[in-house]
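Structure below; questions to follow.
Which chain is which? They are A, B, C, D, E and F, in the order written, and residues in each are numbered from 1.
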Amino acid sequence: MGGVIVTNPPKADAKDVDALAGFGVATISEAMGRTGLLGPSIRPVQQGVRVAGTAVTVLGWPGDNLMIHAAVEQCGEGDILVVTTISPCTDGLFGELFATALQHRGVRGVVLNTGIRDTQELRDMGFPGWSRAVSSQGTVKATGGSVNVPIAIDGQVVRPGDVIVADDDGVVVVPRETARESAEKSEAREAKEAATRAAFLEGQLGLDRYGLRETLQRLGVEYKTYEEYAGERP
Amino acid sequence: MGGVIVTNPPKADAKDVDALAGFGVATISEAMGRTGLLGPSIRPVQQGVRVAGTAVTVLGWPGDNLMIHAAVEQCGEGDILVVTTISPCTDGLFGELFATALQHRGVRGVVLNTGIRDTQELRDMGFPGWSRAVSSQGTVKATGGSVNVPIAIDGQVVRPGDVIVADDDGVVVVPRETARESAEKSEAREAKEAATRAAFLEGQLGLDRYGLRETLQRLGVEYKTYEEYAGERP
Amino acid sequence: MGGVIVTNPPKADAKDVDALAGFGVATISEAMGRTGLLGPSIRPVQQGVRVAGTAVTVLGWPGDNLMIHAAVEQCGEGDILVVTTISPCTDGLFGELFATALQHRGVRGVVLNTGIRDTQELRDMGFPGWSRAVSSQGTVKATGGSVNVPIAIDGQVVRPGDVIVADDDGVVVVPRETARESAEKSEAREAKEAATRAAFLEGQLGLDRYGLRETLQRLGVEYKTYEEYAGERP
Amino acid sequence: MGGVIVTNPPKADAKDVDALAGFGVATISEAMGRTGLLGPSIRPVQQGVRVAGTAVTVLGWPGDNLMIHAAVEQCGEGDILVVTTISPCTDGLFGELFATALQHRGVRGVVLNTGIRDTQELRDMGFPGWSRAVSSQGTVKATGGSVNVPIAIDGQVVRPGDVIVADDDGVVVVPRETARESAEKSEAREAKEAATRAAFLEGQLGLDRYGLRETLQRLGVEYKTYEEYAGERP
Amino acid sequence: MGGVIVTNPPKADAKDVDALAGFGVATISEAMGRTGLLGPSIRPVQQGVRVAGTAVTVLGWPGDNLMIHAAVEQCGEGDILVVTTISPCTDGLFGELFATALQHRGVRGVVLNTGIRDTQELRDMGFPGWSRAVSSQGTVKATGGSVNVPIAIDGQVVRPGDVIVADDDGVVVVPRETARESAEKSEAREAKEAATRAAFLEGQLGLDRYGLRETLQRLGVEYKTYEEYAGERP
Amino acid sequence: MGGVIVTNPPKADAKDVDALAGFGVATISEAMGRTGLLGPSIRPVQQGVRVAGTAVTVLGWPGDNLMIHAAVEQCGEGDILVVTTISPCTDGLFGELFATALQHRGVRGVVLNTGIRDTQELRDMGFPGWSRAVSSQGTVKATGGSVNVPIAIDGQVVRPGDVIVADDDGVVVVPRETARESAEKSEAREAKEAATRAAFLEGQLGLDRYGLRETLQRLGVEYKTYEEYAGERP
């Protein structure tokens, strides 16, 4: 199986990446119309860390990390490595040695649609990772694949140069062309949420703040006392 | 789709809730004849926290948190919000803004048969959560459902006003009518466990303490030396 | 159902166990030709702990911990209890009372192909556990099984007396007959990895260190600029 | 562990059961406001069979079929046996011998939240089954449980005497008190669907029939030509 | 949530679709370098049916089939409807009424990354379906989404107008721009497989036909008699 | 990664294999003390077929079928090929070409702890298969492994020459040394089941036939009328 290693793809502007780094994954996804999320099976191996960077993508073979080696050379300052395989794989394709090489190059973290290993070492060295599994299962370097081509994880497409933001809630992908717009919308959303938070702390209800009492009524949701309800149940 | 919001259901007595708060989930379930547990897929987003409170229940639509907004108004001091959806859903139906509103009202935690988000913020603000998934996936507010009706999660029925106890081991539901009895049985069980612990620390075996040598014999379980066993194996 | 409790099986040499304790699970598995791992679903209930010991094996019935009681008597200094059931089971077959008894006997930890409970207590008392699930679901003591017979978890055979090493990355099994050899190979691998780490920190690439550029070429993986690649895509 | 066997619970009226037998599972669930379904993991072991009957419920222990033996005596003409366990279980708790005994008593089928076995024999003898798994794993008869108490499967409560309807699409539960009402609503729904089917066959669109063009507009869903859309995408 | 309905996207040439219809999913994927497959969780609801057509894509909300209604209008002769949701969903978003409407318009089948229902009716009417689940769970029509935008299922991108081929082995997507090339390569592959089949029927081994004895030797795989092997095992 | 191909392992006696072929998988497993089963995730791709044969085992790499090619040469009259990989894999490692080669050699079927493909062709040619998944995903031939070494699937060890029996209920492994004994016990069990069947058809209850009324009483299971039960429930 052949494949292609694409060099020097365009990347999102560093200023936009830094701006997005200021927001949580949930906020950014909401700001993008509730899109952009990798699924809930991609979980962090550390707690309390948020990173933002530009994607270097890898499409490899299950049980094989050859293309991650090829990808290291394409990684640089401010990047985040994003790895998937052609079919489902939980093997530990990535560990401390790769993290050492990437950290040396200024890479900010790794997102794996497979397994990860050396998790304690990764936490100790401060190189954050998100993955579908934790597994010590080692790999071979026998089959080709691609670097810096568009990949899809859990129904979400990641293109090289897109912005990746990852925290305890998961991973979101922001297309590089709309990174600035997404950062601005995230800021607006955060402001709106701050106002909502303040209102909630003063006791306002979402029902009133969002006009949901009308929604409930329109949908035919009824209020009943416990006695009314209990009386009519089988 | 219609639905119903039941107001002022009877709740377990606060004294019984407090009494149950003194026991772990495993102890309470054992005291209830090994019943009452939500399944092992409902996991905490924090570590080392135990809460007990009275259930306010929500039955909503997948990908929709409208009924959680309706439920907030029904929540008060000492409650725990318990949320499920009509079909499987991992979306992040609950996050920091809801937690802010609930904490303001004296609610003690949330149990979600769906996803949760803003997990770092929830830990920071000390509002504990248990959920089936962690997901930033946002929701709509478009479809009706019910509040304070009986719901079932993982084969376990939760009724409004029942006692919820949750810790690192999971979540247990205690029917409000038997809350006192369950607390008393939990206390008895804990005393019994303390005696067992002391005996184990002096070297007694469960085989002897529980009379299990007879059980093994009755069941036909044989003791063999390694040499006997190895000699007769294929 | 009958069963057998095998007494005094031969065990791996303590020196070899101690030697293996010096290496991570991933290193040992790699040194053994990428074998020996229990699958990625067996996860620790604590963080940052590594243990090594000799296996005492249990084959029990789902929802039943009778044979763990039988196994406690067979456990001693330096052992690790390894438990599976005849069919899939997530119940909490093991908790703090068992841990108390085992810790008293010098046992170093437990690996369960089922659920575990009392996780906070286990962390507090420093008795480490690895399991497929966390569950408070209690058990009965009604059905026979076996102790110290070969068992298989996730496609990996564990025999009594084999060495178990477990850390944040999972669990590896080293056959007792090859424990020394595996320790030596692990040491060699660690030395090799140290050299690689140093090289990576000086900027060398895996592509060059492992001669992978030739592999890529042989496999037909091509390098293209982004412009070349974008130009030929649909 | 004790338990209770409840004798002679009230059952849904046979006429209502027969009426419900005329409708598919999806139709009945829709008629009940999209409720009543056991989840999608409960699948038939045969194709093209629909049955309706009154529930005899079993709550047993994983890996143990003692309570199914107890339940057989409680089963009679027109019943459907519905079995769950206190915790997840895939073992083959039910096979051809049970089916022989039940068929002899006029029982119409079985629904298992566990495994089933002898599937070819069940098909040959015309005794239909729905289950979470197919498994030959045999069981013991060692632990108590209950018969004809309310049970919950996948978030759906089943009470003894409720109507069970099962077909290729799954299993629906109709509370006995509302069986007639549900049959009538199902009939109404089927009539409505027949009209819709006729309209669709003449080319009418759901968009028009259900007034959904306004919904799309209100929600801000826009129509664009491919050229417009392609032109503004990154 | 807004969204977009894209009208009149370009489609693969009908001749190429017909050519691809002559090959199995596995053959086409192999011919495309082992790419293009939706994952193994997407299964047919019938047996022995193969279809090929051009994709009309739908991105909807979980538990909501509004956008399928919108998509029907965009479907025509030779199309296959391909549906996913913004987050995981097993509900029965598609059934016999939709199939009636689509069959009337010349649509050849449906692929759902969700649940499907009315499976017996679909088989009876000869409208084939592939889905992640079978579920009677009904839906609402309350939330917007998109039609004829690129979607991703299981890591595979599907664009409107791409060729979908589906059979008992699963579903493959062929980009419309390379449909002809893929058909030609599939034909070449089938010819090659026919030659291999003939050789195998004459007793030739893959080891010899593909030159794999050298591969085994290069990889260090050794041949041993059972006696040699048994003698050196622990 | 090296590996070993073991030639000419001893095999179970053909007479014993034929004897076992007369019994269902469930019967044989019961006769062996409810052991020997591969788990419920290994499912047939056809219906109504039972085969028995001697195991030729393969341990390969995920996404790689090199070792199946090596195994073909080791397969002969009356064998069944049993394949697993070093870590979880759903790829279609086996299809019609392999089946052609194996059928030519007198092999009776295949059991895969991975994916299978060409399922319609396999049914057409009468070569039966059991697998964890159906997948068209193709493979490479790049990494070594072993043939005719002991492997483990779902906690069950399979050794070369063991008897494999597979039918609609799943797959059971009978150690070659105890094949005759297992056949005899299966025959005894079938006779016993025939007597039970006859008794059940005359209306006897398992409760009486197996003396379970005493068991229920000993376990404290009580009989209550519905009125008694309903009266004491919350």
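Definition applied: a residue touches a chain if its C-beta (ideal position, glycine included) is under 8 Å from a C-beta of that chain, and two chains touch if they have at least 3 such contacts.
All of these numbers come straight from a predicted model, not from anything done at the bench.
Participant: Could you tell me which chains are in contact with chain A and with chain D alike?
Facilitator: B, C, E, F
Participant: After a C-alpha superposition of chain A on chain C, what does the rotation angle come to, in degrees rounded to the nearest 5?
Facilitator: 120
Participant: Distance between chain D and chain F based on Cα centroids, please, to the nearest Å.
Facilitator: 29
Participant: If you average the CA atoms of chain B and of chain F, how far apart do the two points sit, in angstrom?
Facilitator: Spacing between the chain centres: roughly 38 Å.
Participant: Can you compute the centre-to-centre distance for chain B and chain E, using the mean CA position of each chain? Integer Å is fine.
Facilitator: So the centroids are 41 Å from each other.
Participant: Considering chain B alone, which of its residues make contact with at least two other chains?
Facilitator: 1-2, 34, 37, 39, 86-88, 90, 135, 137, 142-143
Participant: Using the touch definition from the top, list the residues of chain B that touch chain D in their complex.
Facilitator: Chain B residues touching chain D: 1-2, 33-35, 37, 39, 84, 86-88, 113, 150-157.
Participant: In the complex formed with chain B, which residues of chain C make contact?
Facilitator: Within the complex, chain C touches chain B at residues 1-10, 66-67, 69-70, 72-73, 90, 92, 95-98, 100-101, 104, 115, 117-121, 133-139, 141-146, 148-149, 160.
Participant: Under the definition above, what is the set of chain E residues touching chain F in their complex?
Facilitator: Chain E reaches chain F through residues 24-26, 29-30, 34, 37, 39-40, 43, 47-48, 167-170, 172, 193, 196-197, 200-201, 203, 205-207, 210, 212, 215-216, 219-226, 229.
Participant: Report the residues of chain D in contact with chain C in the complex, numbered from low to high.
Facilitator: Residue positions touching the partner: 1, 61-64, 85-91, 135, 137, 140, 142-143.
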